[in-house]
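As structure tokens, here come the structures.
Here come two complexes built around chain A, the first alongside chain B, the second alongside chain C.
After this line comes the complex of A and B, so read on.
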């Protein structure tokens, strides 16, 4: 078994047991719902890391354009969008329970929705190209261009004083260390487990992309070599009439 | 309990998609 999957599995089991043993948080409409923190925050953390990885791989693709960087770019964009989707889904669930509405028009919800939609748009755009070279270069340029807006909308905009005043979403609890110790342990344990699991899946996706591209190249190479070789002319199985 | 299940199912589906893509490229591998 892959060691990263084993570690992620063990961490997952331990952390799942742990988070259901921590005491319920007070000041919540449904005190047990505070545990959503252990899924919501690690998802956002992992998504942000993949956005950075995608931009970094994008720069490499725009520069050297090696096949490994191309595979990393596609894997990082997909996983970033996937974990951003988890973040949004858990946030909407929390909004329903705590704030009473599925969509609360909270500035933080809205700004993160823009980030999520931007990466989903990138996936849509990528699918529109049939030429692999154009697909890679466009994805790379978009991923690089999107990093700064994503950072601004995720980390800076929600913390601007006039925006933070309107938002119900807590922004200072974790940076100021206002979480109980039990919740701190649960949170960072889950961040670790999510990171290990996410990078395990990332490794799988990169390997699959490399494998597919290697086979495509082999296909092209075989087609070219058949085309170039004088011995590989099409021979039709025609019957030769014997002239006696 | 819903959020961890959501993450688990999401990742499971994504890994299944990777697995299908891997098998599809294996199947289309040139035989010669």
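After this line comes the complex of A and C, so read on.
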């Protein structure tokens, strides 16, 4: 069995048990729902890491352009978008329970929605190129260009004094160490479990992409060596019978 | 003999003066957007914050219409491959970026003047308003040049240009609103200066990043190594070694 999967599984089991053993949080409208912290924050943490990984892989694709870097880029973009979506979903659920509305127009909620949309735009851009070479390089360039707005929207904008005043989002609880010890253990334990699991999936996706590209190249090679078979991407004209 | 980017810039101006499409249509779009805002607000003047937001959004949408066109039109007319043989990607990008900035300065001045006359409340710090409007136009133009260069070969490139441009410009809108509201009399001058510096940084960053991206995207020599990879099931270390 893969050791990373084993560790992620064990951590997952331990942390799930732990989450239910911690006491309900005070000062919450629905104290039991404070446990959403254990999935919401790790998802945001992992998503942010993958945005940086995607930008780094993007720089490498633009520089050296090796196939491994291309595979890493695509895996990081997909997982970043996935975890950003998960962050958004848990955030919306929290908003409904704690603030009474599915969408509260909180600056933090809105800024993260823009980050999520940015990465969906990146996936859209990737899908708009049929040539793999152009697709890889354009995805890489946009991933690099998106890093600065993503950092601004995730870390800087919500912490600006006049924005923070308007926000209900508890952004300063963790940095100021205001979290209860039991919750801190649960939070960082879950961050670790999410990271292990996310990078395990990332590794799988990178390998899958490499194998897929190797197969594609083999297909092209076979088509070239057997001159009777056209490239799979070539579309032959079809004769149309005239009906007089 | 001129450096290639100056020649590229001259080419852009010559092409624009010949067709007179870009500035005319983008300027018209800006004027119509201001007129729509004036129509919507009727005789009521918006407050400083809303006035700043409206102007930023108008300039943002004008630049989204005007700037990617400079790149996309080259691809659609089929002139880009020839152009690329004549000049380096850096020279082409810088020529287009400078032309786009000049175009946006002109449009920002025009839109800014009509906005003040039709929609905006009284200007408290006029010089900050004009500096902010022009700088916002330049920064938006520079950022959108990156978006335009990315979507050139894409399917649905016109709509995609708008989709990928907006996320890149949200920090810009935030700083633009922060700056312009001070010009309309809300907030401190100190806060206005901070946003001014932020806008300046956002205007300069694409000048450094853009040519690097253009060299990577448009340089045919810097292409794939995947063709040589014929083996099945290559391991990560084998791929890493390439």
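Methods note: the second predicted complex is superposed on the first by the 226 of 244 C-alpha atoms of A that agree within 3 Å, B and C clash if a C-alpha of one lies under 4 Å from a C-alpha of the other, contacts with A are read in each partner's own complex, and residues count from 1 in each chain.
One rule holds in what follows: a contact is a pair of C-beta atoms (placed from the backbone, for glycine too) under 8 Å apart; a residue touches a chain by one contact, two chains touch by 3 or more.
A quick note: this is a predicted structure, and the numbers were derived from the prediction, not measured.
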| item | value |
| --- | --- |
| Partner chain(s) touched by A:90 [first = chain B, second = chain C, both, neither] | first |
| Which superposed partner A:195 touches (first chain B, second chain C, both, neither) | neither |
| First, second, both or neither for A:7, with chain B first and chain C second | neither |
| Which of chain B and chain C A:164 touches, first, second, both or neither | neither |
| Contacts of A:218 with chain B and chain C, given as first, second, both or neither | both |
| Residues of chain A touched, compared between chain B and chain C (which is higher) | C |
| Partner chain in contact with A:124 - chain B first, chain C second, else both or neither | second |
| Partner chain in contact with A:210 - chain B first, chain C second, else both or neither | second |
| Overlap of the chain B and chain C footprints on chain A, listed as residue numbers | 211, 215, 218 |
| Chain C to chain A touching residues, read off their complex | 146, 150-151, 153-157, 160, 163-164, 166-168, 170-171, 174, 205, 209, 212-213, 216-217, 222-227, 229-234, 236, 239-240, 242 |
| Residues of chain A that touch chain B when the two form their complex | 16, 35-36, 38-40, 43, 78-79, 82, 85-86, 89-90, 93, 194, 197, 201, 204-205, 208, 211-212, 215-216, 218-219, 222 |
| Chain B residues within the chain A interface of the complex | 2-4, 6-7, 10-11, 14-15, 18, 21-22, 25-26, 28-30, 32 |
| Footprint of chain C on chain A - complex, ascending | 62-63, 65-68, 71, 114-115, 117-118, 121-122, 124-125, 128-134, 137-138, 140-142, 144-146, 148-149, 152-153, 157, 206-207, 210-211, 213-215, 217-218, 221 |
